[in-house]
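Both complexes below contain chain A, partnered by chain B and then by chain C.
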Partner chain A sequence: MRFLGLTYLGAILAFLYLPIAIMMLMAFNQSPLYELPFTFDLVWFKALAGNERLLTAGWNSVWIALVSSAIATSIGTVAALGLARNEFTGKRFLQLMLFPPITIPWLIIGTAMLIFFFWTGVGRGLHAILLGHVALSLPYVIVVVGARLATHGPELEEAAASLGARPAQAFFRVTVPLLAPGIVAAGMFAFAVSFDQFIISYFLAAPGTSTLPVEIFTAIRKGFTPEINAISSIVIIISMSLVLVVSRFYRFGGER
Partner chain B sequence: MPGAEKHLRVTFLVAPAYLWLALTVFLPLAVMLFFSFLTAVPVGGREATLTLQHYVSFFTKKIYWYNALRSLELAAYVTLACVVLGYPVAVILTRMITGRAREAIFLMIILPFWTNALVRTFSWTMVLRGPFDIIFTYPAIVIGLVHAYLPYAVLTIYVSLQAIDERLIEAARALGASKRQAFMRVMLPLSLPGVLAGVFLIFIPVTGSFMEPRILGGKDAIMLGPIIESQFTATFNWPLGAALSFMMLAIILLMLALGYPLLQRHMER
Partner chain C sequence: MTTISVTSVSKSYGAFRALDDVSIEFRDGEFFGLLGPSGSGKTTLLRAIAGFVTPDRGRIAFDGEEVDRTPVHKRRIGMVFQSYALFPHLSVARNLAFGLEVRGDPKAETERRIEEYLALVRLAGLGGRKPRELSGGQQQRVALARALITGPRVLLLDEPLGALDRKLRQEMQVELRDIQRRTGITTIFVTHDQEEALTLSDRIAIINEGRIVQVGSPQEVYERPVSVFAAQFLGDANLFSGKATTGGLVLADGTMIRVSGQSAGLAVVRPEKVRIGRSAGAELNTLKGVVMQSVYSGASVIYRVAVPVLGETPFLAFVQNSSGELHAPGSEVTLAWDAAHTMAVAP
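Up next is the complex of A and B:
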């Protein structure tokens, strides 16, 4: 029974990782038509180094993920504090409002943003993508930081205040250090959400300038080369390393 | 702290985040709803009048309602496959593996789900064109989507299985239940909230998927998601695309409304 179970688990893990492994392997294969036998070569990474279009898109993806996660983490953390440390009418409503952006399919949100930004004159382009990515990350940040806040009550801040700390002192020297693991995890979460986002970026990208996933999609539809495997492998490795780092900061349950 | 001052402080804290959400998610959805009742996009001095024609088209033109049903059918297949494949994984994780090994395998299962969905879908084109050669077929779409959403099923079922008190199963066994009976009468019913949560988390995004069908499906890719996408990127009939988006949202809300009492009933037990 145990043997059967472990075999099944192995098969599922193989199913999850096999396509990714094959894609990475093909990035190092010499043949432009994905033909075997496998001949190790870095030709596709060299080609990638000269591909201005993909590199620019890659750089756009990185800075948009950095800026959007910085914005989402700061205003999201502040909102989580407002929600967690106060009781007020409408609090339940505000908490419920976090779910539509997470649950409504991105196709619908993306097309709505396209229509709205176009109609109001905000237009398409990297700035529109940035606006959209912050919105997508915000609910995650508020939920993750909120979960961390729920693990300890306001007693420590109150103790600091009764010992003479000003509100700002209590905030920066008690609340922030306590929240730090949650904030770091939320920030990396937000980075991952933005860095991997395709659908919203696809609708909001202006012709010619876009993020990496959009460029990859365009390239796939035009008929792809192992260059795409090379850049895709790099993208996968970045995301996976990021999640491994997050998992050291944050267990998906709130406590460390 | 006086009430008014506290109110001001809370407003100050939550306003930036919620204003951002209002201006980039909720207001756009409201505007899109309005556009779905217009004959044209009112930009650049174009005449636009109110109409129901796009919603009428959805019900009268076969291409729309039929492909909406195809999207639901796809979502049903993918959800079923994820639950059937994922349930044993969750059981094995909770009952056969412990400690650090469990943590490591759990992480390995959710890791791909945090990587780029587009790139993962692309990676299947290598496998499916090779020895099996089923690329650009309906099964290819199902395989790609199951690969993308299986971790959701494992995650939600695992969480509910972990919450089950081990002693309940031991009690059933001590009272003479066979392993099968203990599973069917104790473990399975207690884990249903997790299964249902997984069903929702998978069914909704798969109904709205367009990228996976586009990359893996070839001519089998014609479903509601890709049809909506093409209204915005190819044929530029935005009001029709908006109406179709809202029909999709309505279908999803209907599914949620039908499923919610079921979920609630199992939560209360």
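Up next is the complex of A and C:
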């Protein structure tokens, strides 16, 4: 039974990580054509260091993801609080309308944004990408923070008020610490939505500026080089260590 | 310390009248029980006093000072919530410190008071624990200490013992009463448990459909209920309905029931006031019936007796088992009780 369980777990992990592992391995292989035997070499990382386009795109991706997730998390948290703690007409409708943006294909949202930004004069470029990413990650933030909020009613804030806490004191001493795991999770979600985003970034990028996924796609079309493996490996290591660090501080899905 | 007066307070939620012209005074230092079925408005009244509910009409005053425009955090209240509402991210000591910290008390004084109040609720040494590491009864005591530590003008308890099991509940009742006596704080507590209300309270109010039905000491309210609802909500009661006459009422079959007080055609008697199988005397009311069921519990026996003139509802009699003999189902018995225990009630 135990053996079966472990095999099952192993198969799932292999299914998830084998392609990634091979790609990371090949980033360290000397051959540009995935030839064996494996010869360890950092040649592709050296080449990457000289690839201005890829590095600029990578930097764009990072700051856009950071800024858009910060904006989306702040706005989204306030929106989630508003939805959870107030009753008003149209609330149900508003909550329902949060879900379609998650399910509508990105291709369609991207097209719509492109047309809308063109028509309103926002145009294309990194600012348009940033705006698009905020809009895209907002529903995720509201849903994730809202789920965390639902784990406790207004009673804790009421208890704080009964003990003499002003609304701001109750918010920062009680609400925020309790929401923190939800806010962190939402922020990571928003970061991932932005950082992974290809289609919308592709549509909204002005010629000459792009984000990492767009640049990787363009590079692959021109001809694949293991530099792509190298930068992908870096991205994977950074994002996985981020998850590990955060999970050390917060247990997901419930009370600590 | 504090007298709280509620004057003509009403509150509606849409078409639902949660409080309907409620006026009541809570005296300084008394332990007051608000008793009523769920949805009766008792919790709304408590929350209006706390400041969480804004009445549509009426006034609430603490020691004559109106608090209607005072937000919750400035009312200087202490509240224990049904779910305790302990801050899960803070230790027991920090939970207690909360109310002192937000008003900026000196640190040394705060720490001293925490120790004092932990001792008061017999939790000395547990200040470092998180609430989730405590048992239900311990959490309850933390909630109580946290509510009292700021020196509030009134202590409000919302079904404070509802989540505890029976044994723990009885222990906590004693402890709660003891702590209240020692601190002397005006205490208002909401409950739907009649026994709890009778045991703990100096006075009780029975609330139904947003209105106060009766206010008085537990004994007054139990022994002299003013209405059918008060009689039946607080304990059990046998109800008679008939034509009013001098000194009592006449049932449909002509039986005279002598009543204490002026009857308008309705009266009740408590089941424990009824005896079985005694011959009638001048002061006694009697009825004949057939035993339907007897529930034997050693020291006492509960009889359900069919009395045709009273209709479908069985007549209840709680009888001390002094003779050791049981009236078996089917046997014909005479029920007898004092006219003085037969109370006239309003519908």
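To be clear about the criterion, the second predicted complex is superposed on the first by the 228 of 256 C-alpha atoms of A that agree within 3 Å, B and C clash if a C-alpha of one lies under 4 Å from a C-alpha of the other, contacts with A are read in each partner's own complex, and residues count from 1 in each chain.
Everything that follows uses one rule, which is that a contact is a pair of C-beta atoms (placed from the backbone, for glycine too) under 8 Å apart; a residue touches a chain by one contact, two chains touch by 3 or more.
Bear in mind that the values here come from a model prediction, so they are computed numbers and not experimental data.
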Contacts of A:L131 with chain B and chain C, given as first, second, both or neither: first
Which of chain B and chain C A:S162 touches, first, second, both or neither: second
Touching partner for A:G208 - first (chain B), second (chain C), both, neither: neither
Which superposed partner A:V174 touches (first chain B, second chain C, both, neither): second
Chain B versus chain C as contact partner of A:T111, first or second or both or neither: first
Touched chain A residues, chain B compared with chain C: B
Intersection of the chain A residues that touch chain B with those that touch chain C: none
Parts of chain A lying in touch with chain C, wherever the complex brings them together: 152-153, 155-156, 158-167, 169-170, 173-174, 177-178, 255
Chain A residues touching chain B - in the complex, by the definition given at the top: 2, 5-6, 8-9, 12-13, 15-20, 22-23, 26, 34, 75-76, 78-79, 81-83, 86, 88, 94, 97, 100-101, 103-109, 111-119, 131-132, 134-135, 138-139, 142, 192, 195-196, 198-199, 202-203, 213, 216-217, 220-221, 224, 228-229, 232, 235-236, 239-240, 242-244, 247
Parts of chain C lying in touch with chain A, wherever the complex brings them together: 50-52, 71-74, 76-79, 81, 83, 85-89, 98-99, 102-103, 132, 146-147, 150, 156
Touch list for chain B against partner chain A, complex: 6-7, 9-10, 12-14, 16-18, 20-21, 24-29, 31-32, 35, 41-43, 85, 88-89, 92-93, 96-97, 105, 107-112, 114-120, 122-127, 129, 147, 150-151, 204-205, 207-211, 214-215, 225, 228-229, 232-233, 238, 241-242, 245-246, 248-249, 252
